[in-house]
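Listed after this line are the structures, all set down as structure tokens.
In the two complexes below, chain A is the common chain; its partner is chain B in one and chain C in the other.
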Partner chain A sequence: MKQHVKALAVHTLLVGAVLYALYPVLWVLTVAFSRDGLGEGGFVLPWPRHMSCVNFAIATGAGTGKSALFIRQLVNSLTVSGATAILSVAIAAPAAYALARMQFVGKRAGLSGLMLTQMFPTVASAVPLYFILSQLHLLDRRAGLVVAYSASALPFAIFQLKAAFEAIPVELEEAAMVDGATRFVAFVSVVLPAARPALAITALFAFMSAWNEFVLAATLMSREEAFTLPVVLQRFVGEHSAAWGPFAAGSIVVSIPVMVIFYIAQKQLLSGLTAGSVKG
Partner chain B sequence: MTASSCCEVRNLVKAFDRTNVLSNVNLTMLSGTFTVLVGASGCGKSTLLRTVSGLESPTSGSIWMGGRDVTALPPKDRDIAMVFQSYALYPHLSVRENLAFGLRLRRTMDAEINIRIAEASAMLGLAELLDRLPRQLSGGQRQRVAMGRAIVRRPHMFLFDEPLSNLDAALRAEVRVDIRKLHDRMGGTTLYVTHDQVEAMTLADTLCLLRGGTIEQIGPPLALFDQPVSRYVAEFLGSPKINCLDGLVVHSPSGSHIAIGKNTLAIPNRYGQLVEQAVTVGLRPHHLVPASFDAPQFGTILVTFYEALGFESYVHGTLEGADDTTVVMRIDPGHRIARGESLAVGIRAEHPLLFDPKTGRSLDARP
Partner chain C sequence: MKPWLIAFLTFAVAIGLVASDCKTAPKNHIVLWHAYRGAEEQALLELTARYEAQTGTTVEVLAVPFLAYASKLSSAIEREQGPDLFIDAHERLGSYRDDGLLARADDAFPKSDIPRYDTIASAVARDEDGTAWGVPFALKGVALIVNTNLVKDVPDSIEALVKQRYDRIYPLAYEAESAYVHAPWLHAFGGTMLGPDDSYGFVGEPARRSVAFARRLVSSGAVPAGADGALVKQLFESGKAAAIIGGPGVVSELPLSVPYRVVPLPPLHEASLRPEPFLTVELLFLAQRSATRPEVSAFARFLASDDSAKTRVRAQVVANSSTWRNTDAIAPHLRAFHEAALASRPMSTRVAMRATWEPVEQAIRAVLRAQSDDAAAIDAALAESARRFESAKPRATSASPARGLTALAATLFVIAIIAYRNTKPRFWSGLRASAGAYAYVMHAAIAVFLLVVLPLAAGAVTSFFSGSRNHMTYAGIGNYVDILTARGGPLLGYGSFYRTLLVTVGWTLINVACHVTIGLCLAVLLSRPLLRAKGIYRTLLIIPWAVPSYVTALAYKGMFHQQFGAVNALLRNFGAQPVSWFSQFSTAFAANVATNVWLGFPFMMVVMLGALTNVPKDVLEAADIDGATPWQRFRHVTFPLLLPQLAPAVVLGAVWTFNMFNVVFLVSGGEPDNQTDILVSEAYRWAFTRHAQYGYAAAYAVLIFGILWLTSRFSRRWQREGA
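And then the complex of A and B:
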């Protein structure tokens, strides 16, 4: 009996928390599916009065004959975020491994330096980045964004992977080296597979931060064809008018790829791959 | 370097942060022999093994294998296989792939890999487990996979780093026998680290007892047990521990003897002529027996505690007339002894071990 009361209390609390978190999202859904955006809907429990998909048509350009442009912008977001994820993990993994396993001069200073870069907001580097990328002829190009995003994703990725590598027993690599591997082969064939969940999380995090990033994208990209989705979305809410309906619809479209990726990756994220390799 | 020596450690020094973990260690392992490194925690035994494996590089000195200097070679080029204390199985690979890992890195043909895996799994009873992941195995099974991974490689030398310490006592005794059988069957040279003196005594052809980074004594296990060079060796080997009593060499017209408090003991012949001096007398629990014609009475102990193990019993007591020094003796389980009882104990004349009380070195006069 006591158990039931406790379970009930816990679940009530959880449902409450979920509603609290979802309430704004409900509003976004309502606005997105309403014919005239913010003007409709109940006040406490949001629900569209006139269900309509017209906002989605506007947001994706289907209604305005600009769907090719929208697809291009979606592809921009996907390639930039995907490339950022791959590049940051590819650079962070060896760096984190060296920091986790090796002793070298400047290790502590390097770690502090990485930590230091985390203290500056991205906006602070927007102007210098603009000049650098302009010199490199990477303005208005996806590669430019990838370089900028990867650079800002790296410190966190390195810290994350360093912790993951440190949790892998060093005997695994030693066993591989006795078995015939060089240090590099041991890293690739033993350490990386054992760290798969951490690699997945790190990649996902880099992907998400690139996917959501607005300030740099708005600064570095000036052609419409080069925009990423956050910049596209922002265009719906202008200085003089705010098209909340298409904005909300666009937000939902933008969220879908991330949700799909989370769904696919959740097995990786939850599995503890190192379990059972050593005693216990 | 002789033709039959498989591995030789020469003047090895290993220091971490200027502290010597190993100082000037010399060790020769003959082909096909089983050498056990034993010692207390921190004596350098694991460091020595890791230096032989190439996972640590020596501060100075050299390692030779099969007649060549391998000091600068990485582990992969030393033709060794190692079994780790934690087993270190690759978590993402099945048992089969764990076994095949080293062979694949050495570009062994698939057919050959399969033959070797079949052979090793037959030897170790792994056939049922080949498609499982390490996390699906019990501790004992993991241990066997770790050994299998070493066996399939067919290396010249096997290195074991406390491979049994994560197993329960019954399994440990079983696997201990298996390891020795495997060694005899494979014909390789084995270097084995343990802190367990039973493993050390039972497995070794050559027992090497390390203390503070140097070899305290090396030789056949029974030689270390019966003729320890120091009190440290005598105390390290044997369970229960050897009894060490303070004695004094006394010369009298009727001959020399050792006085332990009011008790007297004949001096074993091998100690030759001793001057009047303080000595430490080492008496193993099985050297003390109820007094008889063969083992004349040497004292009386007052029983304080009695342990019956079934196949033998241990009597703990205090030796009367010797400041109530505590001693442990082993007796046949048939004897019934109660706490508070007095027991006349005897000892065979050749048994006592004598050590210098200051240095702890044996006073044995033989070379």
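And then the complex of A and C:
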């Protein structure tokens, strides 16, 4: 009986949190599904006056015969964000491992340097970044976006992974190395699997930062076929007026893949993997 | 696998990615950029296709989002990567020309063509010497849009229009707090936004009478207070506003159910001049590299020709005067917008024009929201806005570069000495012993240095310069002195560095505390082993992170609207008084915090969920067996084990929140009176709205950096002492 009451309390709290998380999105949904605006407002529970999917048709190009282009841009977003997630974790993991486990000259300076990069607002750095990427012949290429996004996701990824690696008992690697594995093999085959939740969160973070980024993508890419979805979305905001309906519809479309990916990935990535590997 | 093999493979993949999508630029190829959408874009694409078929030229058309347009243009054209031809508003002509981005357009717009365009449009495309810098293309301005169900005959004055009384319907709705839409009143009373010699125009009798007029409109209940563009449109669509002031963009998105008519703004009875709205003339600009390419001029002539105008006039108000003389079927609302455009005032092309919006809007807001409408309050608001315009002006600071170079050399020398003295005898052997570790960190070091550190450092260097883009002059530490002395104003005055710093610190502390608390509670609840539907909860709870924040931040702004927002509707349901959220610091700040907490808690929750999986189950079980209560288990076992893993997310979260400008920008917009601005949003204002003072903005960035750096140093020292 006591268990039931407890479970009920937990569910009530969580449902409350979900409502809190969903409520503003309800407004976005209402705008997205409304054919002709919201009405005058001044009410608590939003609902479209005239339900319609026309905004989704406009946002995805189905209304203007550009749906092939939209699919292509969706694929761009997925590849760029996916590649960013993989590349940033691939670069960050060894660096974080070295920072967690090895002693080397410049370690402390490197760590504080990494932290310092996050403290500097990017207000004046867009022009120099454009210049550097153009020198590297990375303008107007998805690879350029991937490289730029990965680099900017690195500091967080390294800190996050370093902390996760430090939480893993050293004995695990030492056992593997006693068995004849090199340090690198021990890192790949013992440490990385044990840190899978942290790797997943780091990858998710990099994915999300690339998925929603707009200014850099709009600045670096100069062909519509190379645009990512946030750039396409932002086109609905003009200087004098904005098409909120399609913008809201597009935002919903953009957020669905993220939630699908998260739903599929979380089950295996957040459910106590370490318990097994520590004991094993 | 060996580390070097991995290194090699990563580089190989990177190079493969680089080589994968290459771009070729054939001759006889023209690149055209624009920010149009909808019907205007369709017309442009149709004409381009026709031109390609006629001439064999290939044209690449790119639609760039408006928000990125100007910055993309200038970075791309400077690197010769940009368009050959682009469409933009005439008011940016001045800064584009001064930055050397434009080619003369005398071939595309010869003197003999002047009569072909509306006089008002021809005039803005040429400078004082008669040189053409663009080709007139389209006109954008506002007019009065009336709902013909409610307004049968358009009254002959604004006063008569707002005197109409309806049941719960506003006779007129417009963005009362926008300087752009307020401008007609100012012009009617004989004022200007920007006076001669870049002086501030929103002063004296015209400004006073215009804000008094706007205040009467709002306080009599004829015009809704604090409406933004979206709300004005919403009111009109739902039949809650009989007339609105808006542009062609509003009309093209109206539902068919609303019968409307467009007319030029009726005059003001009490004013002597016509209420001229601002006019924007969209011009075809030739990028500087097109100077030697006659085919680009030919294409520009084609797009702007009277023949092409017949296609374009389906979607926009073309600048070709002959089109309007024809009696062809042109949408009546476009004809009305054209008529209104001819009675409008082109915006100034001066760079200083952009710096007038902020102080003017502050004055309008102050007057519209004041409790009483005595003349003294209006005078005080106007004086304050003029003071702000003056204090935001670029200071003519210049310093001798020699001194700067000496200082730089001295700094480098000191750093070298410190580095040398700190180099222990074991340094070189240590370096050799570190080689193995370097194989692990090398990629990260290179990537971060090249793509993060270098751009930031280059940005930091601009903080020693003043002026805009191509006219930077060395200013030494002038920018820093200016900021740290609050530009000579009171040190804790509104908008001063120190006051903004206090707001920023409060902002950061409250946000991070809420993020961590909510994130941790949810993560702990979601980690209960027997919980059902975990996956669903988790996925629904990351929604605030998944939906693009631009749109949700604006949804929040809408929710906090005084009259039409959901929050006040809820308060009314409970019998409480509605709150005017953005007119005082505390509530505006609370609205910002509410938005940012909502946006940021899922990230913390996910990080903590991950960290919780690293808490060994056996330790918890052991504690359980020892009879620890759940709280004790959390407090003494889980939490200490979590802490080291939370530290990076919390520290970085704090740093990011410190620099989180878009929530402040989108929700409160700094209201009231920039009081809720944080340091970064202040920096952005200097870079983009106040005379484009990049150096000044960069100095802000360096100071923010310095503050965070000092904080982290001290907090580490305190930690060490505490431990």
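In the analysis below, the second predicted complex is superposed on the first by the 242 of 280 C-alpha atoms of A that agree within 3 Å, B and C clash if a C-alpha of one lies under 4 Å from a C-alpha of the other, contacts with A are read in each partner's own complex, and residues count from 1 in each chain.
In this text, a residue touches a chain if its C-beta (ideal position, glycine included) is under 8 Å from a C-beta of that chain, and two chains touch if they have at least 3 such contacts.
What you see is a predicted model; the values in this text were computed from it and never measured.
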Based on the superposition on chain A, does the combination of chain B and chain C result in a clash or a fit? fit
Vertex at chain A, arms to chain B and chain C: angle between C-alpha centres to the nearest 10°? 140
Scan A:V190 for contacts with chain B and chain C and give back first, second, both or neither. first
When the two structures are overlaid on chain A, which partner does A:A242 contact: first (chain B), second (chain C), both, or neither? second
According to the stated criteria, A:T60 is in contact with first (chain B), second (chain C), both, or neither; which is it? neither
Is A:M177 touching anything from chain B or chain C once the two structures are fitted on A? First, second, both or neither. first
In the superposed arrangement, which partner chain does A:W27 touch: chain B (first), chain C (second), both, or neither? second
After superposing the two complexes, the shortest C-alpha distance between chain B and chain C, in Å, is 8
Report, in rising order, the residues of chain A that make contact with chain B in one complex and with chain C in the other. 185, 273-275, 278-279
Chain A-facing residues of chain B, complex: 53-55, 74-76, 80-82, 84-92, 101-102, 105-106, 133-137, 139, 142, 149, 153, 159, 166
Flag every residue of chain A that touches chain B in the complex, lowest number first. 169, 171-172, 174-182, 185, 189-190, 193-194, 196, 273-280
